[in-house]
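Chains here go by letter, A, B, C and D, matching the order in which they are written, and residues are numbered from 1 within each.
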């Protein structure tokens, strides 16, 4: 419940970085269009957090007891997820400003927080897989699959961060690939 | 629960756009009155989100199982709802500033996000109606009614956006009509 | 649950108006002390919203079924509660700025929103008392008492708003009296 | 549920103080690194609030009934916790600005709010321990332990506030020690 609430709050706080453009009278349409990096960053973060939420929800259906280490591993996921609005705001601002070096730094920061979020998920799955007494019978296979997906997601974020030095477009295509991949492979 | 929390957060974040007026000493009353576009936008968004919440609540009383597509359709409703504070802030600012073209753009943006929210609701209802295995016995009639209402709401938002080119008053009367209509026709 | 979440969010959003003082180096302590109107407004709003939450919680323990009118009456409480951060921010800013007319306006605005919140509560209790089929056996006496308290609270806010023309101190003493009175008379 | 939601919101609102650095083009990396006081304050506050949440959760598993005084004691914890983003923002800003006196004031303010949060927890435990009719059989020993830990945490915050006059590093090491100590000694 607490986790659900935290993820719900983070996902909605993202909108606070979509601000009315600061432009002169008569230029609202152009001003809105120029904010496209903010929309890209918003959509990428929204989808990644939604995927984390869905995964989180499905995994807790398989867990029958918690323990302090499990709670702290869960808090690590929440800690890194709660950071997401920060790199989102940095990307929104510096992709628009357009300085090449800043775009690389902003993309790398985004990749770092994304990787942190997914490596935390990996640690969580790793812990649960090693403590079968905490999970419902038959949940082990699902959790091992999700553990693998968390590792792939981490890799996509890190590779995306490196590609940011060539083009932020490739980087964000990879960042968007993470939740789409998770969504398509989500179990019924 | 997650949906409930997201809608609760969006509805309360709206207040962050009601800010103390930036005016010289002794003019607070006039400053507060001049913020009427912010109050209009706030009330319209609050009522629309409240109607979405009530509809959301009633529909989930009729649903007995979820599936990944249903969760993603639900996330589409939340995604578009979560955007609402953005056009609300844009309308509040540019209706006050008073440039004719900007008012039309701001109203059209508001209509777009509103239509997106209701077309997402339509997709959700459409999916559920076509998957009767997910709903409680006897829920089909209600869901088909709500599907029709979501379509009417979408139309009202789009028509309102067009009327915004003539007058924002007519547009907002239509935007306000959506939740009032939903509220009056809500089932017991 | 939705109501609980909305009240929880409003109560925590209040802190966003406590901002680091904008002062030159070496004057942080003085800057913090000069923000006393913000602390007074914060504490008054926090206690009033906490009292609304407690009352809300106790009343829903006595309610066994909801209806659309009850849901809309509940939304009226949430609508007015959700506004509270706005007059709180206005009071914080204009009590500090110190213009006599602005202080009167800010206090009157605060009183208005407070009265709106309590008159909404009164409408809610009035509706429930008149629909005994919605409440658990034996809940009627409690709800009639709370209805009377909501009316007294409304009066205290309106009288406080008038006293604001003489002194904001008397006004805020009355605004603080509402939750303290509710707290002391809360049933076990 | 309400408490869980409030703590979840506070913990996520902390991120709003991590803002894109206001720097000229090409200096984003340096700008991000210079924000280290904001990261230190963020991590300290996040961990302290997470520890409060975990303790809160464990204690409510031992409580079988609430009472108005217990609710108000709980609100005192929430009231002081809800304040945390304020000293966090003050520390982030004035540790960066670098004036010695302001750093001392900011650290003392942080210590004060932290101590307030833990003394509230102590009052809560004290009340519960003295009202065994509110707790499940066998919960008394746990609650007495937690009461002692709340007192030690209060002391660490106060001592940290005093050490802030020598070095903010020692102060924050002590502030971070509170949740780490609580986490390590958390019962299974």
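FYI, a contact is a pair of C-beta atoms (placed from the backbone, for glycine too) under 8 Å apart; a residue touches a chain by one contact, two chains touch by 3 or more.
All figures in this text were calculated on a predicted structure; none of them were measured in a lab.
Of all residue numbers used at the contact between chain C and chain D, under half are used by both chains, marking a mostly different-residue interface. Distance between chain A and chain B, defined via averaged C-alpha coordinates, is recorded as 26 Å. The distance from the centre of chain A to the centre of chain C, with each centre set as the mean of the Cα atoms, comes to 37 Å. Residue numbers of chain D whose C-beta contacts span two or more other chains: 1, 5, 9, 13, 16. With chains as nodes and touching pairs as edges, the resulting graph is a single ring in which every chain has exactly two contacts. Working note: touching chain pairs come out as A-B, A-D, B-C, C-D. On the side of chain B, the complex with chain C involves touching residues 1, 4-5, 7-9, 11-16, 18-20, 25-29, 32, 46, 50, 53-54, 57, 183, 186-188.
Those residues of chain C that touch chain B in the complex are listed here as 1-2, 5-6, 9-10, 13, 16, 67-68, 71-72, 75, 78-79, 82-86, 89-90, 93-94, 97-99, 101-102, 105-106, 109.
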